[in-house]
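Below, each structure is written out as structure tokens.
Here come two complexes built around chain A, the first alongside chain B, the second alongside chain C.
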Partner chain A sequence: MNSSLLAIEFLVVVLGLGILLADLWIPSGARRGLAYAAATGLLLVLTLHGGALAPGDDTAFGGMFLVDALANYFKTLFIVATIAVLLISSGYADRLDGYGEYVALTLFALAGMLLAASANDFILMFVALELVTVTFYVLVSFQRRRQSSLEAGVKYLIFGALAAAFMVYGIALIFGSANTTNFYEIASRQAELGKSPVFVIGLLLTLVGLGFKISAFPFQMWTPDVYQGAPVPTTAFLATGSKAAGFVLLLRLAYSVVPEVMARWSHLLLGFAMATMLYGSFAALAQRSVKRLMGYSSIANAGYLLLGIGATNVTGSTAILYFLSGYVFTTLAAFAVISRVTVQDDNDDISVFAGLGNRSPLLAAAMTLALVSLAGIPPLAGFFGKFYLFKAALLQVPTSPLFLVAVLIACVSVVLSLYYYFNIIRVMYWPAQDAVDRPVTVPMAVGISLAACLAGILVVGIFPSGVIGLAHEAVAGLGTPAPEMHVQAHHAAAH
Partner chain B sequence: MIVGLHHYLVVSALLFSLGLFGVLARRNLLVIYMSLELMLNAANLALVAFSRYNANLKGQVMVFFIITVAAAEVAVGLALIVALYRRRGTAHVEDLNSLRL
Partner chain C sequence: MLAFPLYLCFASALGLLLWRRTASRLPHWITLATCGLGLLLTVTAVIQRTPGAEVVTLVRLPWIPTWGAEFHLAADGLSASLLVLTGIASVGGVLFSWNVQDRPGEFFSLYLTLIGAVYGVFLSWDLLLFFVFYELAIIPKYLLIARWGSTRRDYAAMKLALYSFLGSAAVLVGIVALYATSGLNTLDLSALARHSFPPSTQAWAFPVLFAGFAILAGLWPLHTWAPTGHVAAPTAASMLLAGVIMKLGAYGCLRIALPLLPEGARESRFVFGVLAVAGIVWGALVALRQRDFKFVIGYSSVSHMGFVILGLAMATPLALSGAVLQMISHGIIAGLLFAVVGRMVYDRTHTRDLEELGAHRLGKTLPFAAVTFVLAGFASMGVPGFSGFIAELQILLGTWPVSGRLVAVAGFGILLGAAYVLRAVHLGFFRGDDSPPLEALAPPAPITVPEVLGSGLLLVSTVGLGLFPGFVLDWIQPALAGPFFDGLRRVMVP
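After this line comes the complex of A and B, so read on.
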């Protein structure tokens, strides 16, 4: 066994505990320093992680924990997203009582995401996802003096626990039919297991749990309310980290654990993808609350990503990784601006953006860039991400014409999304008469985070080949047979 | 009558459905949490039964993890109910209506 593989997760948890301890001695006025310390610590972890990228696949804890290229790619993404979220939250600290705990909980959620990226067993998958979800219950309801934050927390808890119950029941059925919960062992017997109805039902119930995390239709009911009620930094983290954690597991299940079963279900996945895209885009049209609008936009984006899962080809998995990288930068940039504009009177109605082009031209330009990327205008990150996802689906058209229908519906959804993204831009630059004429302050930490995210959008969008290359390497190991030696060792241990 | 794996699974499926019905039909937050716990325990029962009849202890280990996670979830959930009750003086889902269009 090789416990040193868990070094990154271990360091993140220790960092979180350190922040909790330091919180006891630091005066309440200086708590922002905790976020800077945590972000610096994560930067160090990131450099350490980058140095450890080279070695090949390896497992620890009896094959439960797997470090491979896919896990490493997502871990980088999670750490980067968390650094940005911490910096955004430092500008929001006055509205978060007990800010030190907020920073520590953010780090614990990150630990859960890192474990989810490395999960190679249904047990670890469940525990890692619950570590993320239970932490988010607290992060969502963190402004406990604000009623909408509490309500959002309660709603998230009910839907989250419901999804967890479905997932656990599914895992029980999978365990009952396969007599194991290890991904490698299930992958090596998938042809036989795929014929067992108990196994298939169990897998479907597990997908319900993952569908909740990525907010796919019809498990998206919580998304708009929770996005609207939660504090802005939490919403940003939900839209990026939590969603990506769902997708890394979905990707592993679909491409490496049970690809044969998933290929049979491509129509089902496409159905979910189409419903998710249409629901997200149509519902977003009428929104006044910007956070709620971002919630529906996040649902629509989950739909595009599901196209890549349904395609079950290498282009699809590469496109998912590429799209998520661009999406994380874009969404975080948008939320960095939203956090500054809404922080003064805690109001996220679209009218608070009125005249932002005059009040704070730089913020308005940043928001425009982020929205244009989300809408998918070339040459920004959002455009190439959607382009590759649609291409992956079009490659599958010879197997089933439904892929063509799905791509057409995705195009309709993109056109609808232009309307609601550009509506915000219109409000920013064509002010109403009664617009508040108050400048928007941007603390340095938020500015750095925003600038880094904008740079990310531009780099991912203008030089796609670099990220595509990385993503391609990350998914290259998926779908190859499990290392035979390891499976045998595990069997020997079981007997 | 010999009690077999199927009997356990039927009971577990019934518990799960009962819990799901409770979550969908009841309006009190405490009762909804209880129903959610029932669903998790239905999965626990199925895991223990599979574990016993397949002679594989891994299922029992999984039950420990589920119990721990459920305890954490309830701790956070009850704290939320208390905070909400202090703000609103109610624990009914109909009163959770401040988030709308």
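After this line comes the complex of A and C, so read on.
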């Protein structure tokens, strides 16, 4: 038993429980200290993750749990995102009743994401995703006195349950045809399994479940409503952690478990990618609610990322990892600003950004940087991510001209996105007549997380080499055949 | 030394942005010093070592090794001549924005970012770096117009940003396609120029790349961002937009699309030639009917840039040399015209309506503006002795072996050019009737020293270039005859 492989997950859960307990002892005025404590704890976990506890590639629990470079890459990403989300949420502490629970739930969601990154079995994948989703039901509806928050929670619950149903049905079909749920075993028999219609349908249904998580068209319906209704820190977490968790599983399935089946489906995936990009960008054009707009933007970005899945080459998987790193920093920076601007009267209409250039030049500049990066303008992270994804897709043009069409559609979507991103920039710098001339306060914790995210945007953008190198290492092991001993060990355990 | 202006601009821009509490004139002086020093350094560098065919590497550092991208700045005669243009236009721009009082720190910070990006484009020898600078120019452009602009600035700024972005999206597809299909894993321009791409790739990649770039150069029928953008922009931004930004697109065609994809260029030369000529005539005809003085100049830019695109599409050595010369010449003349209309006339009379301007009798009350405009107008019409003449002549001569019909139609465009300039001179400055009497008119604010200096700089440049074109042609023609354009010359033998 290699339980030590789970040290990170274990520590995060313990940290969460500790927060729950501490919540009982701490006076209600000092609750935001819990977020700082959790963030510090996570920072420690992150250091351990990179240093003393850095595990080698191995599996545990009869091959269910896998630690490899890909898992480690995503775990780092999840922990970094959670730290930023916690710091952003600390500025929201007095708006969220029972803030201690909010912090603990965020940590539990993180534990789910960490498990998802390491899932090497359809069962663990399902359990990990449900852990994430169920905690998010609560995180989304945490502002119990606000109707829109509750409404968003119910919507997320209904769609999440639907997605879970799809996925569990799919997993049942997969198990029925393959007689196993282990990724390695399925990978070694994919040529034979790929011919079984039951297996293929099961896989498709599983993909539908993941499609909900990453908000791919046509499973994106919940996204705008939930993004708008949820408290800002939750929205930020949904847009980064939850989405990345969907993508790590999608990557594993597409590149490691059933690459041959996925390669046959590249047209299907491209179709989804194109529809997702276009839907996200067109729907965002008319939005006035900034959180809703970020929801549509998140849909469009899922579309760009799907290009990388559809490309099914090493460039594609590396590009996804690189894009996601930049995207996490960019999105968190944007939400950090949104959280400060909208906090006072819980209104996220674009008009509350009016004149931000005068009210808080630093926040306005940070938002501009984040939006410009999202729009994909160099030399920021968003641009290089798109560049990389486009390269991955264009490398496949010789196999099918549809890849060229997909890239051109992605360009259309990028141009459209410029319109709605620049619209916010325009509003911020406009000498507005009706602007509330209220200064915006930035607590230090939010400031720190914002500064870190901005540094991330710039560093990932201007010096992409480092992250690309890491991403390259992370995907290097994907698609290589499963090590024999683990499969045998699992057989032994099963019999 | 050629690379210093680039760093200088970005450093000053950052300084102006961070150091917010600036006295009212200090940002102006800092910007003038930066641009002036930039021009001085560029000119010194080209005097020390006459640029030509040789590609002189200025900086070459590894940037993203896995992609083969480098921070590679290099220049040959083409880049050098456009760098000098950028220097002149940037100094002119500051001198004509000496009266900016609304947040000058931010204004000039954006202005310098824009100039820095332009320097960067002209110096980049790496495709990715090129694209980074190319796109970097969009944001300051947008903010300058949206924040400091006039007529329908909101609409114009967004329109300009979207068209630019559409163009650069196409450029990005083209660049990534070149990069991905070459199989060399390099973004180095020289290496890619030596590689011969399969004709099937060239056939689709060239139109995408050329059209993407040409949108920024005002390719008809995607030119409509240009007049609205020019009109809405503050004077300095109009001068830069028409003066150097539109040249970025043309430079991209010349530096990337043509030499890397010569066979694609030959296949689609006639299509783009027709579009270019359509732009020449269309722009001129529309300019002839405008009431807004700035729109006249805006559409004249479309018409003149049509000549540049025509020269590029034909891609014969003479046509290319003419296109580059026209880029420089139009950069100076358009800057001057916008300076007269936007700064000298509009800031004093607060109208640009040609019907109303007659009542101001500017020929009498602002003789300096009138004389400058008449001289710039002559240059724009292509009167011999000014730079426009040599440039357009070369383009037409270079086009002749390919298609006489295109030359005939483009020549008609030159006639129309004379017509709209004369109409603007007449309506704007010399209406001829004596009403209202001079005594009844409030005298406009006198012409300031920076305006005189700016006009002087630009006028001397255009006349100098017209009388001694050899000075610049000696940089351009060897560069076009150099090894970088070998592939293009082989394919384009008439």
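As a working rule, the second predicted complex is superposed on the first by the 486 of 495 C-alpha atoms of A that agree within 3 Å, B and C clash if a C-alpha of one lies under 4 Å from a C-alpha of the other, contacts with A are read in each partner's own complex, and residues count from 1 in each chain.
The rule is simple: contacts are C-beta pairs under 8 Å (C-beta built on N, C-alpha and C of every residue); 3 or more make two chains touch, one makes a residue touch a chain.
All values reported here derive from a predicted model rather than from experimental measurement.
Of the two partner chains, chain C is the only one that A:F422 touches; chain B does not reach it. Of the two partner chains placed by superposition, A:N120 touches none, neither chain B nor chain C.
When the two complexes are superposed, the chain touching more residues of chain A, out of chain B and chain C, is B. Looking at the shared chain after the overlay, A:R144 reaches chain B, while chain C stays out of its contact range. By the touch criterion defined above, A:Q190 lies against neither chain B nor chain C after alignment on the C-alpha atoms of chain A.
Touch criterion met: A:T181 reaches chain B, while chain C stays clear of it.
By the touch criterion defined above, A:A152 lies against chain B but remains apart from chain C after alignment on the C-alpha atoms of chain A. Contact residues of chain A toward chain B in the complex are 123, 126-127, 130, 134, 137-138, 141, 144-145, 147-148, 150-155, 157-158, 161-162, 164-166, 168-169, 171-173, 175-176, 179-181, 224-225, 228-229, 286-289, 292, 494.
Interface residues of chain A, counted against chain C in their complex, comprise 361, 372, 377-379, 383, 386-387, 390-391, 394-395, 397, 404, 407-408, 411-412, 414-415, 418-419, 422-423, 425-426, 429-430, 463-465, 468-469, 472.
Residue ranges of chain C in contact with chain A, taken from their complex: 20, 63-67, 128, 131-132, 135-136, 138-139, 142-143, 146-147, 154, 157-158, 161-162, 165-166, 169-170, 172-173, 176-177, 179-181, 204.
Put simply, chain B touches chain A in their complex at residues 9, 12, 16, 19-20, 23, 29, 32-33, 36, 39-40, 42-44, 46-47, 49-51, 54, 56, 58-59, 61-62, 65-66, 69, 72-73, 76-77, 80-81, 83-84, 87-88, 96, 98-99, 101.
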